[in-house]
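Each structure below appears as C-alpha cells.
Two complexes come next, and they have one chain in common, chain A, joined by chain B in the first and chain C in the second.
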Partner chain A sequence: MSLLVDIAILIIVAIIFAYTLRHYRFYWDRAFARQEDGSESFAGAYLPSVSIICPMKNEERVASRLLDCLVRMDYPKDNGRYEVIAIDDNSTDHTSEIVDRYAAQYSFIKAVHRSNSKILSKPAALNVGLTFAHKEVVLFFDADYMPPRDCVKRLVAPFADPLVAGVMGRVVPVNAPDTILSRILDLERAGGYQVDQQARHRIGLIPQFGGTVGGFRRTFLASQNGFDAYHLAEDTDMTYKAYLSGRKICYVNTAECYEEVVTQPRPRGVQVRRWGIGHNMCMFDHAFKTIRSRFLPFWRKFDGIMLLGVYFMPFIQMAGWLLGIYSYLFQPPFYRDLLIALFLTLSYNVVGNLALFTEVGASCCMDRRNRSIWLLPLMLPITLYYVLIGTRAFVDSLILHLTVRKRERRNAEEEREKRARSEIK
Partner chain B sequence: MVVIEVEAKRISVERGQWSLRLERVHLIIGTVTSVVLFLLLIANVQEYWMFQANLVSDVLRFAKVPHSLFLLGRSRATEFLNAVPPVFVITKMVLPRNVILAMAGIILVTMVLVAAIPRLSPPVKIVIGFILTPVIVNLVYEILHPEQPWPLDVDWLTSGIVIIPLILIIFTAAIFPVQGPLSVKVAGFACCLLFSFAWSTLRLSLALSSLFYWGTFTFMFLEYLPCAFVDFIYMLFFYSMVMHRLAISQQRAE
Partner chain C sequence: MIEYLILLEGFLLMFLLAFVPGYFENRKPKDPGPLYIDQERLVDPRSDAIHLRATVERLLKEEGWVPVLPTDTPKWLEGKTVHEKALNENKGRIKVFRVKGDAAVPAEAETRSALIVLGDLTSGEECKFSQWISVEGKCQIGQANKLTAVSSVGDLTIGPSSHVSGFADSKTNVQIGEGCVVGGNVGSDGKISVEGSCDVKALSSRTINVISRSRN
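Here is the complex of A and B:
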C-alpha cells in the first residue's frame, strides 16, 4: 500500500511537472519569439461569403447591441455575401421582438424562432441556425459579445488556406472594473488568449475553437452533421473533429471581440463546472482517437492529449493533496525526506502553477496593463475554487459517461442495426 | 496578389502581434548568477543551516522557549547534500485527547457553518476550508503520533532550502529575459531572496515555539500552511512587483 501511494504521488508530480513545462514553453514562445502571422496579410483581401449565427435566449438586454455591431460591421454586404442569422432560442422575454425588428429593417438579417423545442441546448440552436446558413464560412457570436468593425474581416482571412477548418478570435472583457472577480477573469482571459492560444497557434499545436468569436467552413460543419446537440463543450468537440479529420484551427490574435464576463463567483462556478463536464466528455471521446490519429504529428498529439486533460487536472491535484495527507498521517515512508519535499513541491504546483502566472504576467506586460499585474496574487483563491469545482466536474462527467452516454450510444447502435436490418429486408 | 500587398500595408502592428524583446545579456547574467548562487548553496548547506539555526535559537530565547541546539549533533534525519541538519531539543506540549477531540469537533462544526452561510462567496469559503483542513489533519496527527513530530527533522530541507532554487528558476526564466533595467531585476531578485531567508527563519521560530506551547497540531499547521501558501504568495508578489516596474520602464522607453 505504502509503495502504491508513493508511486501515485510520483506520477502526479510528473504530470504536474509536464504541464508546468508546457506552460513555460508557451510563455517563452509568446513573449520572445517574432509573432508573424501569414493570415494577417490576407485580412481585408480575402473576403468569402459569410453567415453569422447568433443564438439568443432571453437576451433582451444585449440583443440589439450585438445586432447593431453586426450591422455596422466593415464587410461587403453586396451580392448576399454577408448574412446574419439571429436565433430567438425559446426566449420568454422581448428577444423575439428585437430579432424581428432587425430582420424587418435589414435585408441581410434573418430571424429564426425556436419554441417548445425538445432539446434546449446551445448546440441544438446552432444546428437550427446551420440549416439556414448557406454561405462559405459560418461564424458564431454569443449575444453578450461586441465585435468591433474589423472583426469578421480578420476572422475569415485564414480560410484562404484550404486546410483551415475553423478560426478563433481573441476575447477581451469590457467590464473588468466591475468586481474583483471580473478583474481576475480579465487576467485569466489575457493569459489564455494573448499567450496560451497564440503560442499554440504559432508553434503549430492545437489552438481551440471557443464556441464564439470564431467559426468554421460550412462544408466542414456539414460533413460532421453539425454540432452534437447533447454536448456541453460542442466547441472543443468540433475542434478535435477538425484535427482528427486532417484539418486545422487557426487562432487570430488580432481579431479582438469584447464581452461581458460574469461578476459573481457562483455563476462563474456554474460556468466552469459546465465547461469541465463538457471538456471531460471530449477527453473520453477523443483521447484514444488523438493518440491513434494518422494526421497528427507527435507534438500535436502530445499537446492534444494535454489540452484534453485540462479539466482532469483539478482531480489530479486533489488526489495529490489527499495522498499527501494520507502519507503524512499514516505511513511515514522509509524515504520520508523525499516525500515531504515532494509534498511541498506538489503544493507549490497545486496552489498556483507558477508557469500559468508568468503567462498572465507576460500578457499584462504585452497589453500594457501595468496596474493589473498587481492583482496576480488575488488569482490564488480563485485557483483553489477551480480545483474544487473541477474535481466535482470530473466526477460528474465520469458518472455521466459511464451511465447516460453509454446507454445513449447503445441505443443509437441498436437503432442503426435495426435500420440496417429493415433495409436488407 | 497586388491587392494583398496593398492591404498588407494598411494593417498596422497591434498588440496581438507584439512581443517582449529578449534581453540576452540580462538572461546570461541572470543564469550565471543563479547557477553560482545554487552552487554556493550546495557547497555551504551546513554553514547556511548553522547560521539560520543560530538566528532561530535567538528568536526562541526571546520567546522564552527553553531549548538546546546541537549544530553538528547526530540527527534522525537523512543527510542532505552531505550536510547534517542542526537539531533542536525541545519539550513538546502533549494535549489531552479530550481537548483534541473537542477542538476537532469545534472546527468541523465551524466548517459546516461556513459552508452553510449563503452570503459568503465560494472562494472565501474555500480559503477558510483550506486553512481549517490542515488543523483537522494535524489534530488527527496529534492523536495518532503524540510523541513523534518526525517532520521536524526534515523541516530544514523544505523551509529555507527548497524555496531558493524555486526563486532562482522563476527569476531566471521569467524576469531576467524581459526587456527592462537590470538594476530593477537584480534589486527584486535580491529582495526576494532576503525576504525568503527572513521569512523562513521567522516561520521556523514560530513553528518551534508553537510546538512548545501548544503541541504538534499547531506546529504542523504553522509549518505546512505557510509553506504552501505564503511562500507562493510572496514569490508571486515579488514577481508582480518587478514585472510592474519593467512594464512601466518599457512604456517609458516607447
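Here is the complex of A and C:
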C-alpha cells in the first residue's frame, strides 16, 4: 500500500512538474523572444467576405451595444462582403425587438429567431446561424462583447494562409474594477491570452479557439457539419478537429475585445464547472486521436495532450493533497518531506487549469499594470476554489462519459449500421 | 510546544503579509481600471509610428527620468541636458535617452539607447542607431546610416545609402535619399519624396513624389 501511494505521488509530482516547465517555457518565450507575426502585415490588405454570428439569449441590456459596435466596424460593407447574423435564441425579454429593429435599419444585419427549440444550447444556436451564413469566413461574438473598429480586419488577416482553419482574438474584461473577483479574473485573462495563447501561437503549438472573438473558415465548419449541439466546450472540440484534420488555429494578440466577466463567485463556479465538464469530454474524445495523429509533430502532440488535461489537473491536485496527507500521517517513507515540499512548490507555480502566477505577473508587466501584481496572492483562494470545482467537474464528466455519452455513441453506431444494412438491401 | 507555536505564528504572519499589498491595491487601485483598448482604433499602415508617438508622449509625461551619468553619456551629448529612463517593451527592456534641445551626431557614432530629441537632430555619415529615434523637430539623417525606426514631427530627411530596418514616419514631409532601404512603412502627413533607386516596403501619404534620375 505504502509503495502504491508513493508511486502515485511521484506520478502526480511528475505531471505537475511537466506543467510547470510548460508554463515557464511560455513565459520565457513571451518575455524574451522576438514577437513577430506574419499575419499582422495582412491586416487591412486581405479582406475576405465575412459573416458574423451573434447568439443572444435574454440580452436586452447589451444587445444594442454589440450591434452598434458591429455597425461601426471598419470593414467594407459593399457588395455583400459583410453580414451580421443576430440570433434571438429563445429570449423572453426585449432582445427580439432590438434585433428586429437593427435588421430593419441596416441591410447587412439579418435577424434570426429561435423559439421553442428542442436543444437549448449555444452551439445549437450557432448551428442555426451557420445555415444563414454564406460568406468565406464566419466570426462569432457573444452579446456582452465590445469589438473595437479594427477587430474584424485583424481577425480575418490570418486566413490569407490556406492552412488556417480558425482564429482567436484577445479577450479583455471591461468590468475589471467592479469586484475583487473581476479584478482577479482580469489577471487570469491577461496571463491566459497575453502570455499563454501568444506563446503557443508563436512557438507553433496549439492556440485555442475560445468560442467568441474569433471564428472559422465556413468550408471547414461545413466539413465538420457545424458544432456538436450537445457539447459544453464546442470551441475546444472544434479546435482539435481543426488540428486533427491537418489545419491550424491562429491567435491574434492585437485583435483585442472587451467582454464582461462574472463578478460573483457562485456564477463563476458554475461557469468553471461547465467548461471543466466540456473540456474533459474533449479529453476523452481527442486524447488518443491527438497521440496518433499523422499531422501533428511531437511537440504539438505533447502540448495538445497537456492542453486537453488542464481541467483534469484540479483532480490530480486534489488527489495529490489527499495522498500527501495520508502519506504524512500513516505511511511516512524516508523521502516523504522532500516529496511534499516539491509538490507544494510546484503546486504554487501551477495549480489547476490556468497559467497562473509567473505568466500573470509577466502579462501585467507587458500591459504596464505593475501594481496589479500585488493582487497575485489573492489568486490563491480562488485557485483553491477552482480545485474543488474542477475535481467535481472531472468526476461529473467521467460519469457522463461512461453513461450517457457511451449510450449515445452506441445508439449512433446502431443507427449507422441499420442505415448501412438498409442501403445494401 | 512553545517553539511550535512561535513557528506557526511566524508562518501565519508571513502568509498573511503576502496579502497586504493586494488588499491596499484593491481598496485604492492605482492601476487604471480595465486595460485600455481604443474602440475607435483602425488598421493603419502607420500604426507602428502612431504607437511609438503615443509611447513617447506617455513617457514624456511620466516621472522617473534621471540624469545620465557622465560615464554613460556619449561624447556627442556632452554639455547637453540628457535624462534616461527604462522602458519595458514586448521585446524586452530598453534604455531611453531624452535630449533637451538640438543634437548633432558626429560621423560613425554608435547609439545603443532609444533617443527622444526635443529639438532637431542631425547625424553625420555612417552612424548607427540600435534603437528607435523620436524627434520633436526636424530630423536629418546623414549618408549610410543604420537605423531601427525613426519618427519626427518636423521634416524627415534620410541620407543616401541609409538602411532603416523598421518604419520612417513624419508629421510633415519625408525625403528618402538615393539607394536607401526601408524595411517598414514610410509615412507622412505631408509629402514623401523618394528616389527611384530606393527599396521601400510601403509608402503612405497623400502626396508621393518618386524622383527618377538619369544615369548620365
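Observations on the structure shown:
In this section, the second predicted complex is superposed on the first by the 403 of 425 C-alpha atoms of A that agree within 3 Å, B and C clash if a C-alpha of one lies under 4 Å from a C-alpha of the other, contacts with A are read in each partner's own complex, and residues count from 1 in each chain.
Just so we're on the same page, a residue touches a chain if its C-beta (ideal position, glycine included) is under 8 Å from a C-beta of that chain, and two chains touch if they have at least 3 such contacts.
Because the structure is a prediction, the values reported are computed rather than measured.
Chain B and chain C, once both complexes are superposed via chain A, clash. By the document's definition of touching, of the two partners only chain B reaches A:Leu388; chain C does not. Applying the stated contact rule after C-alpha superposition, one finds that A:Trp374 touches each of chain B and chain C. When both complexes are overlaid on chain A, the residue A:Met366 reaches chain B and chain C alike.
Which of chain B and chain C touches more residues of chain A: that partner is B. In the superposition on chain A, contact of A:Ala63 is made with neither chain B nor chain C.
Looking at the shared chain after the overlay, A:Ile325 reaches chain B, while chain C stays out of its contact range. By the touch criterion stated above, A:Phe32 is placed in contact with chain B and with chain C alike.
Look at A:Gly269: by the touch rule set out above, it reaches chain B but stays clear of chain C.
Of the two partner chains, chain C is the only one that A:Ala190 touches; chain B does not reach it. Once the two complexes are overlaid on the shared chain, A:Leu232 sits clear of chain B and of chain C alike. Shared interface residues of chain A, touching chain B in one complex and chain C in the other, are 31-32, 34-35, 43-44, 256, 365-371, 374-377.
On the side of chain A, the complex with chain B involves touching residues 24, 27-28, 30-37, 40-46, 170, 194, 198, 252-256, 264-266, 269, 325, 328-330, 332, 335-337, 340-341, 344-345, 347-348, 350-352, 354, 357-358, 361-362, 364-371, 373-377, 380-382, 384-385, 388. Across the interface of their complex, chain A is touched by residues 18-19, 21-22, 24-26, 29-35, 37-45, 88, 90-92 of chain C. If you check the complex, the residues on chain B that touch chain A are 3-4, 7-8, 10-11, 14-22, 77-78, 80, 121-124, 126-127, 130, 137, 140-141, 144, 150-151, 154, 157-158, 162, 166, 170, 173-174, 177-178, 224, 227-229, 231-233, 235-237, 239-241, 243-244, 246-248, 250-251. Against chain C, in their complex, chain A makes its touches with residues 31-32, 34-35, 43-44, 69, 74, 146, 148-150, 153-154, 172-177, 180, 183, 186, 190, 256-258, 365-372, 374-378.
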